[in-house]
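One chain, chain A, links the two complexes that follow: it is found with chain B in the first and with chain C in the second.
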Partner chain A sequence: MSFDFAVIFAKGPQILAGLGVTILIWVVGTALAVVLGFLVATARRFGGRLVNTALMIPVEVLRGTPFLVQIFLLYFGGPYIGLRLDPITAGLLGLSIYGAAYYSEIFRAGYLSVPPGHVEAADCVGFSRVQTILYIQLPEMALLVLPPSLNMVVILLKDTALLSLITVPEMTMTVSAIGSQQYAFVESIVVLALVYWGLVELANALGRIAERKISKLRLT
Partner chain B sequence: MTDSAISIKNVSKQFGDTVVLRDINLEVPRGQVSCLIGPSGSGKSTLLRCMAFLEEANAGTILIEGEPLGFVEGPNGRRKQTAAELRRTRSKIGMVFQQFNLWPHMTALGNVAASLRRVRKMSRKDAEEKAMAQLEKVDLAPRAHHYPSQLSGGQQQRVAIARALALDPTIMLFDEPTSALDPELTGEVLNVMRTLADEGMTMVVVTHEIGFAASVGNNVCFLDHGRLLFHDTPEKVFAAPRNPRLEQFLDTYLDRGAFLVQ
Partner chain C sequence: MTWYLFQLLLQASLMTIFVSAISILAGLVFAVFLSAMRMSGNGWLYNGAGLFISFFRGVPLLVQLLLIFNLLPIIGITLPSLATAIIGLSLCTAAYQAENLRGGFEGVPIGLIESAEMAGFSRVQTFIYIRTPIALRLTFPALVNEAILILKSSSLVSVVGLVELTKMAQNLSASTYQPLPIFASAGLIYLVINLTVAFAARRAEDALPGLPAK
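Moving on to the complex of A and B:
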């Protein structure tokens, strides 16, 4: 048995189109997940016990069920309640909501890790509650959550591969389809693995730059 | 009585079943340095934190420059102050913590200027000018643009003192300000505190630095098991401790050679 990568690379433009969809869903989905997760975590931290409990339930459901099941429910189950989405929109929405649940937990843990003494110091110089949240707790939380947040960026990229199962024309669907047509299935999977890994390393490199930039802001 | 910067009457505090402060009565005289000493768990830090309303006393009253702190007496018993009332009383107080508690995302200058900008609503330029003057007072103007992680412990604590002084409080509270520092770095912090004392600042200092209490303190309070056992001048407290518990406590320092009186 011999590998023949040429048949895969011959479909370069198709692969690039799939890569484009993957990157689009990854970048936009992650951005939406971060924003939504931040709002949920902030509401849970400062919104009182009722809000905290009310938001805890959906977060636990989303973290407690497989992403694949969630996107199946959204894409195939959605029409039963009048929610008809095209695959890309469904994939983007699914990834954002799933990611938001995880980001909300990362940010919530970050808020809880802000030393109480830093808040007391703000109280003592007369900051109002809102000022303390805005100028002390929020920025310190952001510093604390950078490493786990970057890790989640990478996890979300890899999870976009599952969107091929709801017919999103992203990279996994495109490349494995080429592999089947050309009888080069293993080759296609190898190419896929390498491209995902390359993207992950790129994201990690950007993350390292960001971490270096904030290193002098670390909590002492 | 009217000369008291802080007036503490019948203050008690408990955490669950543990009684931390038992019926404390204390008048902190204006313009003097009052040191709170005592073994770990004696309640000295809790008492100090009550003076900034970082802990709520379960009973009793605390007056700051004659104004109630935390609670106001009404016809139906005491009620908690509103956030605005509390901020107004607290504005007379500057607090310095054992762990410095500088904000890591702001430079030294930013830490000092923050309250001037956000609370006093000063312009950035005016706030930073005034903050720089405060940093000069603690001898740290050259480090103004460093972040806390780039400063030594002693420098961080001096920034924290400058931050507490920014809003011109009339009373400064220090909670074991040198306990988290290397012995080599305690001197620079104690010197800044000594200068403040010489300028006539009212200071309450929880400390294990018996030498500082003896040389800078105007009066010394000894707490043990939540009780204020002894309150007198340092001469009386250190030279001729008549209370057996106090004597025992001071002996531990004598054993370590850590205290020199006069």
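Moving on to the complex of A and C:
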């Protein structure tokens, strides 16, 4: 047994391109998931019982089924109902919808944590609903919502690896393809694991800094 | 989508349940060991456990499975795909469960540990008979969450060649050209399994002994 990492590193530019796709899908997908999740949670909070139940069902389905099955359904099943997406779009869409389900639950818990008296007080001094959300509810829930949100950011990064199975040219697909071509599969997977590990630890470190900064703001 | 295809999916879901259940239990045992390493007071053991947990929480499960699947044969260990799948899933869940247990161990009332010491328990006995059972009870809800996560993550073991629910759905979808109903059915089966686990866990939680007072 001998390991030859040189053949992997010789493909540096290709690996970086894969890393770029991973980061692009991760950042854009997470941003979309946060926004969509926030909208879902807000609709469930203010939309009445019917909207709440109607949105609860997809959220529970998305949280109760594997992400892999969801993207297979979207990518391989989509064309049968006229939804023909290229891999990157399908991956981005799948990741955003899946992440949105989890973010909606995080924000739902956030809304529940804001004391009703504060919302009523804002109402009394003439805040509109949007103002109440922006200036009262969002800042008050920030401390509670931040740790699970950051956790989800990391989970979504790791889940981008699954998109290689629907042929999205992200890092896992790129690097394992290099490994097969160069007969250095184990080496390629080792490199892959180390890059993901580094990215996750970096995201965790940034998250800890963000948490410390925000906890000093005394929003509540 | 015929009843016959659905039956094939149901049969494959038994493999999903089997692999997940074994991995959860093996991971739990391993997580208790990792916790023991962390609390041993030995720097090497502490850092070793920390590194293990950081790695398995920091690398996507898909990459872990590919690594184990390809690395083991090179160092001379050839295992059937079932064993590879169980090893991969249990190592990964052990790291997460150890992190959950950390909170549980911190929640063990100090008075109970002191009274065990007073009664002449050794440190190992205190760990086995006092700390671990209470930590497990405290983290039971987290264990259920982890079980549901692993049931869903087990869909990835298809990459090491094990035919479980997701792999069966892939195979059937490739041979029948009906990905839509087949993956939807697979999703439905996962959903029913997970809802059942969540429901059973709520019932079990009521039946378990209460939490120790602080």
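Here is the rule we go by: the second predicted complex is superposed on the first by the 196 of 220 C-alpha atoms of A that agree within 3 Å, B and C clash if a C-alpha of one lies under 4 Å from a C-alpha of the other, contacts with A are read in each partner's own complex, and residues count from 1 in each chain.
Convention: contacts are C-beta pairs under 8 Å (C-beta built on N, C-alpha and C of every residue); 3 or more make two chains touch, one makes a residue touch a chain.
Predicted model, so just to flag it, every value in this text is computed and none were measured.
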item	value
Which superposed partner A:Val186 touches (first chain B, second chain C, both, neither)	second
Chain B versus chain C as contact partner of A:Gly77, first or second or both or neither	second
Contacts of A:Leu68 with chain B and chain C, given as first, second, both or neither	second
Larger contact residue set on chain A - chain B or chain C	C
Partner chain(s) touched by A:Ser164 [first = chain B, second = chain C, both, neither]	second
A:Lys216 touches, of chain B and chain C: first, second, both or neither?	first
Partner chain(s) touched by A:Thr172 [first = chain B, second = chain C, both, neither]	second
Chain B versus chain C as contact partner of A:Phe5, first or second or both or neither	neither
In the complex, chain B residues that touch chain A	52, 54, 83, 87, 90-91, 93-95, 97, 99-105, 114-115, 118-119, 147-150, 156, 160, 163-164, 166-167
Touching residues (chain side chain A, partner chain B) in the complex	115, 117-118, 120-129, 131, 135-136, 139-140, 143, 216-220
Residues of chain C touching chain A in the complex	54-55, 57-64, 66-67, 70-71, 74-75, 148, 152-156, 159, 166, 169-170, 173, 179-180, 183-184, 186-187, 190-191, 194-195
Residues of chain A that touch chain C when the two form their complex	1, 60-61, 64-70, 72-73, 76-77, 80-81, 158-162, 164-165, 172, 176, 185-186, 189-190, 192-193, 196-197, 200-201
